[in-house]
Every structure is written in structure tokens, then in C-alpha cells.
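Written out below as C-alpha cells is the structure these notes cover.
By written order: A, B and C. Residues from 1 in each chain.
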Amino acid sequence: MKVVFQQLDVRTSGRKELVDLTDRIEQVVEESGLKEGMCLITTLHTTSCIIINEHEEGLMQDIVAKLRTDFPNDGKWLHNRIDDNADAHLASSFLGPSKVLPIRDGVLVRGTWQNIFLMELDGPRKRTVLVELLGN
Amino acid sequence: MKVVFQQLDVRTSGRKELVDLTDRIEQVVEESGLKEGMCLITTLHTTSCIIINEHEEGLMQDIVAKLRTDFPNDGKWLHNRIDDNADAHLASSFLGPSKVLPIRDGVLVRGTWQNIFLMELDGPRKRTVLVELLGN
Amino acid sequence: MKVVFQQLDVRTSGRKELVDLTDRIEQVVEESGLKEGMCLITTLHTTSCIIINEHEEGLMQDIVAKLRTDFPNDGKWLHNRIDDNADAHLASSFLGPSKVLPIRDGVLVRGTWQNIFLMELDGPRKRTVLVELLGN
């Protein structure tokens, strides 16, 4: 059994935005030479998350709009006494920091429309995403 | 270490509905002969997800009702300019396409009330769920 | 390849509360001697979940408040005909029962602010959380 790690550095440019990491993650899988196993993608922060969905510009704006509506930063949060990003922590808590996908026949298994994004919730920042592959 | 894949084909019949896959997944684990490891269940679509909860008919209707309320398809979404299912993409983005459970002593580890469902968000459709087992 | 299981027993004291399990999980990793692999943390219940975020008392109260607002137990739910905790089942369905984190260089990989919590949604109860390590 083989375990491979690859750290991805991501610089975000807006407060809330989606950054597509699919190509970079597929390259990690390809270069690893792994034939079958699992791929764990995890962000090492409490104000971002990893989500999987279609890379369509309208939808990507919809996701940001929905997060702004569902997790407003309206000042009533206790965490905002010491910082100003409770909205981002709450969204990250609910959506989660990681996703796991299969590796099969040497490639990452994903549906036609399934792209992998870092969801920035409190940018702009420099983010670290860790990709771990485990398998044969 | 052994890796086993089993594709489950699922035909859904409503726009939003839960399909219980627990028996089929447990059968995959049993037939694999694996004694200990991890089981990854993932839907290969951007308008469905995998959720784990109790198989109680009232609760299953509550989950569908809650998704309709929290992710309404009210026409304001940009994605609906090119399709009519932004609600399904948004719910899928927030809830996620996969779950991981342990395998121990040759069986899938789950609590008494934990059943595994495909959550259809934009049916009726033919769906593909991939089950991957990795272990000894 | 090695697989290690450790069951954590957790007694909760409020209806909705966060219990920090980070130290106990890190101890499991340390005692296992595993150098690299994956760590799966899963609650075996349908009215609790595992979340990852900052251990800041204000934020922890914000998360509980947000769950109360987003998943109210207002009596309209069908599941409440046979029980009184549909709110807890719904939140658990949406947030999910498990998380996966990497193990690298003998330690659990997590960001500076990422702590691991059992989110009790229908306490007080005695809960079982299973930690599984898989790797070398």
C-alpha cells in the first residue's frame, strides 16, 4: 500500500468565491502512479470548505449568493466580538472541510459534471489544501 | 490490501425522494470477504447526494419537505437560465455526494437507526452510485 | 497495512451542545504508532454529527443557535407523531455523521484552528463515536 501527499497552495481574491481545483487534483493522481484507492481532499482552515458540483458560471454565483443568504454576517453572532467572520465559521462547520473520492484504473472517479472546488468563505487569503492518496 | 468496486444502478421515480441502499451496500461488503477497512459510497451526479439517517416514512417525508423549503426552485437562480434545476445543484453542493463508513469484523459498521440513502433531488432519473471497499 | 479501531464513549449534558474530542482522537493516533494513513471519525447515531471548527466559546454558542434557528422543532414534522426529535434527525441528515482526516508523520493533520467535535442534537444522552485508523 502506498500513501502520497501533495499540498496545494491557493490564493483567493474575493471574500466568498469558488476556486476550481479539479485539474490540479487529477494531476496529483496521475503523477502518483496509483491504480486504485481513495483520494482525500481537505482544507486546513475553519473558514473555507471543499465542495463538489458543476463548473457553470451562473451556478457558481448562485452558490455564493445562497451562502450569503443562509449564513449572513449580521453582527448578532458572539464570535464577532473577537473577530468579524462568524458567518464563514458557521458555513464551514455545516458544509465540512473535506471530501473523499475513489481512484480506479489510475484516475480519479467523478461524474461528468462533478468538479472539485475550494469554497473561500472569508477571503482574500492564502489557503492550504492537502490532497492525500491511499491505495495500490 | 484489497480494493473492491461495485456500481449500483438506481432508478428514481419522483423529483425529490429517498431511496434506501442499505441492503445492497451491506451485500457488497458481505460478498467482498473484507474483514476490516473503509467503505466509500458516492453518487456520480451533481443533483443527488448520499445521506444517512433513520428509515421512518414520516421522517423521510420531512427530509424531502425540508429540502424543498431550504432550497426552493423559485426562478431567481442564474443557473436556471440554462437549465431548471439550480435548487438540486445547490442542495447537492451543500450536502455532498459521498459518505465513508467503517468495515469491522466483516460487516459495515452503522448504528441501529443509521440507514444509507440516495437522495434524489432532480428526478426521475437513472442514477449511478459507486461503492468502494478498501481494506484487508 | 494496519487498521485500528477505538470506541469513544461520550456523555452529553444538554439538548444541543458541542463536545470537543480532539485530544482523545489525537491520543488514539499517537498510541496506534501509525505513520501515515486516514482517520475516520463517525458517530453511530441519527441525532448527532461530527463537525470540525474552532474551539472558541462564542462560536460554539453561535453554532448551537444557528442549528436551533435552521432546524426548529416546531411540531409540524411528521416524525414527531412517533417521537419528538425531528429537528435533530434533520440536522444530522444534512450535516452528516462522519469526517475523514489525514495522518502524516505519525500525527493527525489538522489546521491550527481545526478542532473535532461531537455535535449533540438531542441530548442529554450517552453517545458512541468510533475512530478508525487505516494506514502504515
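Throughout what follows, a contact is a pair of C-beta atoms (placed from the backbone, for glycine too) under 8 Å apart; a residue touches a chain by one contact, two chains touch by 3 or more.
Note that the structure is a prediction, hence the values are computed from the model and not measured.
Copies chain A and chain B of the same sequence differ by a rotation of 120 degrees once their CA atoms are superposed, given in steps of 5. Two copies of one chain, chain B and chain C, form a contact in which under half of the residue numbers belong to both partners. Averaged Cα coordinates give chain B a centre that lies 20 Å from the centre of chain C. Shown for chain A are the residues that touch two or more other chains, namely 1, 38, 70, 94, 96, 100, 134.
Contacts from chain B toward chain A in the complex involve residues 1, 3, 5, 38, 40, 42-46, 70-71, 77-82, 86, 89-90, 92-94, 96-98, 100, 128, 130, 132, 134. Residue ranges of chain C in contact with chain A, taken from their complex: 1, 36-38, 51-54, 56-59, 61-63, 66, 70, 94-96, 99-102, 104, 109-114, 134-136.
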